[in-house]
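Comments concern the structure below.
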Amino acid sequence: MTTSYNRLDKDNAAVLLVDHQAGLLSLVRDIDPDRFKNNVLALADLAKYFELPTILTTSFETGPNGPLMPELKNLFPDAPYIARPGQINAWDNEDFVKAIKATGKKQLIIAGVVTEVCVAFPALSALAEGFEVFVVTDASGTFNELTRDSAWDRMSTAGAQLMTWFGLACELHRDWRNDVEGLATLFSNHIPDYRNLMTSYNTLTNAK
Amino acid sequence: MTTSYNRLDKDNAAVLLVDHQAGLLSLVRDIDPDRFKNNVLALADLAKYFELPTILTTSFETGPNGPLMPELKNLFPDAPYIARPGQINAWDNEDFVKAIKATGKKQLIIAGVVTEVCVAFPALSALAEGFEVFVVTDASGTFNELTRDSAWDRMSTAGAQLMTWFGLACELHRDWRNDVEGLATLFSNHIPDYRNLMTSYNTLTNAK
Amino acid sequence: MTTSYNRLDKDNAAVLLVDHQAGLLSLVRDIDPDRFKNNVLALADLAKYFELPTILTTSFETGPNGPLMPELKNLFPDAPYIARPGQINAWDNEDFVKAIKATGKKQLIIAGVVTEVCVAFPALSALAEGFEVFVVTDASGTFNELTRDSAWDRMSTAGAQLMTWFGLACELHRDWRNDVEGLATLFSNHIPDYRNLMTSYNTLTNAK
Amino acid sequence: MTTSYNRLDKDNAAVLLVDHQAGLLSLVRDIDPDRFKNNVLALADLAKYFELPTILTTSFETGPNGPLMPELKNLFPDAPYIARPGQINAWDNEDFVKAIKATGKKQLIIAGVVTEVCVAFPALSALAEGFEVFVVTDASGTFNELTRDSAWDRMSTAGAQLMTWFGLACELHRDWRNDVEGLATLFSNHIPDYRNLMTSYNTLTNAK
Amino acid sequence: MTTSYNRLDKDNAAVLLVDHQAGLLSLVRDIDPDRFKNNVLALADLAKYFELPTILTTSFETGPNGPLMPELKNLFPDAPYIARPGQINAWDNEDFVKAIKATGKKQLIIAGVVTEVCVAFPALSALAEGFEVFVVTDASGTFNELTRDSAWDRMSTAGAQLMTWFGLACELHRDWRNDVEGLATLFSNHIPDYRNLMTSYNTLTNAK
Amino acid sequence: MTTSYNRLDKDNAAVLLVDHQAGLLSLVRDIDPDRFKNNVLALADLAKYFELPTILTTSFETGPNGPLMPELKNLFPDAPYIARPGQINAWDNEDFVKAIKATGKKQLIIAGVVTEVCVAFPALSALAEGFEVFVVTDASGTFNELTRDSAWDRMSTAGAQLMTWFGLACELHRDWRNDVEGLATLFSNHIPDYRNLMTSYNTLTNAK
Amino acid sequence: MTTSYNRLDKDNAAVLLVDHQAGLLSLVRDIDPDRFKNNVLALADLAKYFELPTILTTSFETGPNGPLMPELKNLFPDAPYIARPGQINAWDNEDFVKAIKATGKKQLIIAGVVTEVCVAFPALSALAEGFEVFVVTDASGTFNELTRDSAWDRMSTAGAQLMTWFGLACELHRDWRNDVEGLATLFSNHIPDYRNLMTSYNTLTNAK
Amino acid sequence: MTTSYNRLDKDNAAVLLVDHQAGLLSLVRDIDPDRFKNNVLALADLAKYFELPTILTTSFETGPNGPLMPELKNLFPDAPYIARPGQINAWDNEDFVKAIKATGKKQLIIAGVVTEVCVAFPALSALAEGFEVFVVTDASGTFNELTRDSAWDRMSTAGAQLMTWFGLACELHRDWRNDVEGLATLFSNHIPDYRNLMTSYNTLTNAK
């Protein structure tokens, strides 16, 4: 029952943010909007913090799907940005795949809207080309839980690993001593419970 | 961990609609009836839109199970229609299997009521004969979530892929440019949130 | 413990549809969108069927709130339509109140988006002016259940009666014999379970 | 804050079973069908056990609404049975009200399908005529929880008391010593957990 | 809208623990058993801590209902203990009412199993005799949420106040300075989250 | 992706009912008690109907676990009945395994209380000895959904197939024409929605 | 049934933020932490935006309850800040009541942690002194939904009005034309769905 | 489909308790705190009862994560206790792995907070080194159910077995006769329903 455990490696991982567009976000109903927005921004901050190559893509952004969340554009002004003219599976867009391959990374961290399409299709394509795929389930959203469960089953069966942004951050960071403050700030900004712990802790230790 | 990704191909796929009968529909309690009706009609519209060969079948329709949903009959007046005299697994009916094989397709998209019987049995039979099977989980219904989860596990373990109608449409369509209006109409008719996006978009762009 | 029961009377009731706009609808998350759309259209059909004076109003429809659901415009082409320039409580708009008073009706049936504002504010205003108020809870939507429960408590405490569209239809109709086919059609178009009953029934009785 | 507590009195109470018809039962989705069937039969057994005058009524039973649950007909072969020709509110049917008044009882225990119509309408009418009304919430069913909550609010505000069959049985019985075995049998037949307690208890005490 | 606020007063309150028996506890399914056990013991500890007169009663404890939770017997060895021979409403037992009146208190805090019977019946009786009644909702349990909601509505309408053990403790204590350690111990023993806060706090302040 | 589909065969299947004891049943909280009791009895009726060899076993039935549900004893008076003196995994009891092997069947249908122990342990043992194992998920119960989900994952991963009693009945029966009335009676007795369909159907067809 | 509707008036309302402390926040489990944090900050921004006099208070902030959320301190640097030495009901603290009376306002908007204590106690006290009380239910949190529902019932019965921050903002603002941009910014910062609407709208209108 | 079933063996199993720290516990929101605390203590008692080598570890316990639950320290005063200076995956700490290997056990029972990190990382590492891994799902907690489901999928796919503490106890104990009283005490202390069964049973049998 031995299984090799290829951990996420911050020197070998890239982040794909697929179709987090203002219109499409109104379709997401399997996660509460306050939580979902927080998760997406946490993933983006994480990508920034670990300096992971990040690729943005949108589907038909001039139509009803709407523009990319402005926060993502602002966080990654220099990232490859592929506004796909029509391909639903981002992997069908040559520029998108080129941008991925240009990073030289073999571990792909994927999140998007909606899960069973914008995440699952490129995830399955990437697996078929030999990439390791890590789906960020809490930064990916879709119509309802039934749809999500179906999509998770399809991706997991094909070999994708289901993770959430907090687990990603921890697996990439490995050891708090690499940078206590940086990681703590990331958590404090995106986990209210953790922020509360820090507030109480800091107050008590400063009071000494 | 490489996995081949055989996408749904509109030239190689057929749709099986199994036992969506007026009586049996009253047994479906794992999905809200408004949503379920919409999903079934969306799948039917999708089959029509992509011109996928579609096969209808019913179980004992002159008894308490009741007649097929009239909307399905009306949408597919010329489709093979197999009113099974008694076989519970539609695959045990020779005419049904003949009709499938006559399509020459190797990818079977299956939905029905109830999931663990009318969908799972033919799905397992088709897998055993080498077909690729795509279960439309949101156009299939059953008694409750516990039953559904058991059925999904059995089908997934046997190799069926769990999908929902929206994912099917996207995987079949591949590229919006193949027909923007057609796909958008399908979505607008069956996804109220998407319809709202289009309403706002059209109003604003027409106002220009 | 005697309580007078002033029933809804189709000769004394008017319907107010408040802010069912394409943008605002994306805020509604206490009811599934398939069900909510169906409920709103059922209420509209009901108003039409009973020939109740109906008044449409919108809030800032040229901004992000978006245009009124086109289906409502189409159903009531001649209804008073008040596009409010800014008043959040529709009752603060003189034209709106004038239109209501012009109907001469004393029973107001109100639905809208979002419940705690677009419904509750005019409901409270109307109660304060002596109208009987019937809130259509299933054709009114808001951010989440916590918000809805708060709004219901506020309105109920103030004297509004909480009803759903089906109950309204039944209380207005009084007796099936007034028009069996009309009421049955309304139910068949908006209650999938009832449609199934009718399908089975008609099939069996026609087969005789 | 003193409130008079007029208890249910088995010599002053009648039971109204409104529209528990085979077709209408398929509309009930706020209670699981196994539990709902059990609750309705428990209420019927309770009425029988306490020899409460019981009145049966149906709405359009020759149409899609379907026939009364056969178990109810069998339990009360001699009860007044009013097959209403069209009145939706049973109280609008003279025979129904006459049958009630003929019992001479002032406390009405009402259950039916669907809650906001078949229960709420006669409940409100009875309250308006000075009866005490006890709604059996768990033997009354409707489309969904939102509808139920609205109906409960309307009835409670008007003075109806919301109870469940077990509470009714206990309030009517007053003291176990009036008949231990009879009450225990009622509970054992309709509360699996209570039956288990009795099974274990009887086994242990018989083993002595 | 002025309302008098008669606070719970530890010098004027008594606690009634009704039918927390080993058999009846298996009927409780509206609260998770780990949480429910904790709530009942918290209420008992609270009664002990504030030295409130406490009265225990059971229904048919030699039958399937089973013996009182041994923890309650042990905590209140000298409390009036009324094993009712048959009365379902504890208020129908003279000894029970005598014991209550003997305390001279006018505020009654009631909890029990099951809510709609063992709590609601004596609550309604007590209100009718002019007592103030505080129902401890989280130390009272019943078959399911529908039953609970009905029982709450009946009791609240009759004038009972719905509270939980934590609120009771706070309203009785008034000011932390009356005894910081005592109240904190009560909370630490029954609120894991509060215990965690204290553990972290104590560790940090002791480390200074 | 071809998978062999070895269907349940009524000539090659045996049923194991493990520890459905009155005491243990009070531990079951992942399924509502009305539904659970119905499911267990449905499975028993099914075993009887298809004349499947059935084996009963209990754990420590003279202690707090309590006696077997009397209904099961009554239904299978001649079935092997192994009251295990202490083995938790029924497969560790030689008499139990002998009784199974004496049936000569290779397909084992297992249900019990609690799922992760009384079902999972013998299921895993049977799989290890080469039997095909079908777990009846809706006639097996445990403490909560988290526990159930863990148990299902462990059994499914080991090769057990998760089914519910209705699916079992359909897979064993194969064709309605083998006995329409027998199967319909089984469904009518254990599926209220199906019973309603039959009631309406029979009334209408008898009326002809 | 006429009810006077005394609307919230920004010239007559004050905001009381009670015990939103880092430690106590870990007790809040009836609202998701991402959503709860957002709601509290939305209420604070609202108070700021409408320039409502705001009063902060804490309970034992040097103990395990922890310090006030720093964001609140920063937003209201000049607000009365009452660190209560022990009073659980903030209204028992003279400074707190003085600060309230100093505002001269008669409408009190109250939020806090935990709902049934820190909100309910001062709410009931304020009502008893003739204030109008508006509870901000979504910026108040507690242990679980059962506790919340009990607290709401107690407060509503006593005359408090249950509202959420969005409804408050709308009732205070009255008319969009008073300041479109200000209100829209408040909504955009705290309602992701509204922000999305604005993003799409602005993109489309700017593109003209 | 034969699968070997390597049961948990009390002579070959060790328990790893990872990061059950007072601060981190406030992050756990996928299990109710009363239940979670009970589960963790049940697992600890189980480890003690079966005399399984147990290893404790913490992450940054002098920071906001807080100290280990004192109950665990007290139960295992002589167990290896590794306060990790920074490694997030406990397996990256040499002392931790050394302590595990020193036990000579090949079956590792792991629980911790949070599931997807503190449990999943060492579980995957242990699997990669050939250990058998049993995750105690109900003594492991995390942010929400979505996160938990993702973590379970990742661990299960890698070969970990998902179990709960009750199943562990039963699989380790094998036969009640090995020690009836010991196991019963463990259950009585941590399963309220089981304690109730024992209370009723003992009362009845002692009464003989």
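The first chain written gets the first letter, and so on, giving A, B, C, D, E, F, G and H; residue counts start at 1 in each chain.
By definition in this document, contacts are C-beta pairs under 8 Å (C-beta built on N, C-alpha and C of every residue); 3 or more make two chains touch, one makes a residue touch a chain.
Small disclaimer: the values here were computed from a predicted structure and weren't measured.
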Same-site or different-site touching of subunit A by its copy subunit H, using the half cut
different
Going by the average position of its CA atoms, which chain sits the greatest distance from subunit B?
E
Rounded to the nearest whole Å, what is the centre-to-centre distance of subunit B and subunit D, using the mean of the C-alpha atoms as each centre?
41
Centre distance in Å when subunit B and subunit G are each reduced to the mean of their C-alpha atoms
48
Approximate Å spacing (C-alpha centroids) for the pair subunit C, subunit D
31
Name the residues of subunit H that each touch 2 or more other chains.
23, 26, 29, 32-33, 66, 191, 193, 196-197, 200-201
Parts of subunit A lying in touch with subunit H, wherever the complex brings them together
1-5, 31, 137-138, 152, 156, 161-164, 166-167, 170-171, 173-178, 180, 184, 191, 193-194, 196-198, 200-201
Subunit F touches which residues of subunit B in the complex?
23, 26-27, 29, 59-60, 63-66, 85-89, 92, 114, 116-117, 120-121, 124-125, 127-130, 132, 143, 146-147, 149-151, 153-154, 157-159
Mind listing the subunit H positions that touch subunit E in their complex?
22-23, 25-26, 32-38, 62, 66-67, 69-70, 191-193, 195-197, 199-200, 203, 207
In their shared complex, at which residues does subunit A touch subunit E?
197, 200-201, 204-205, 208
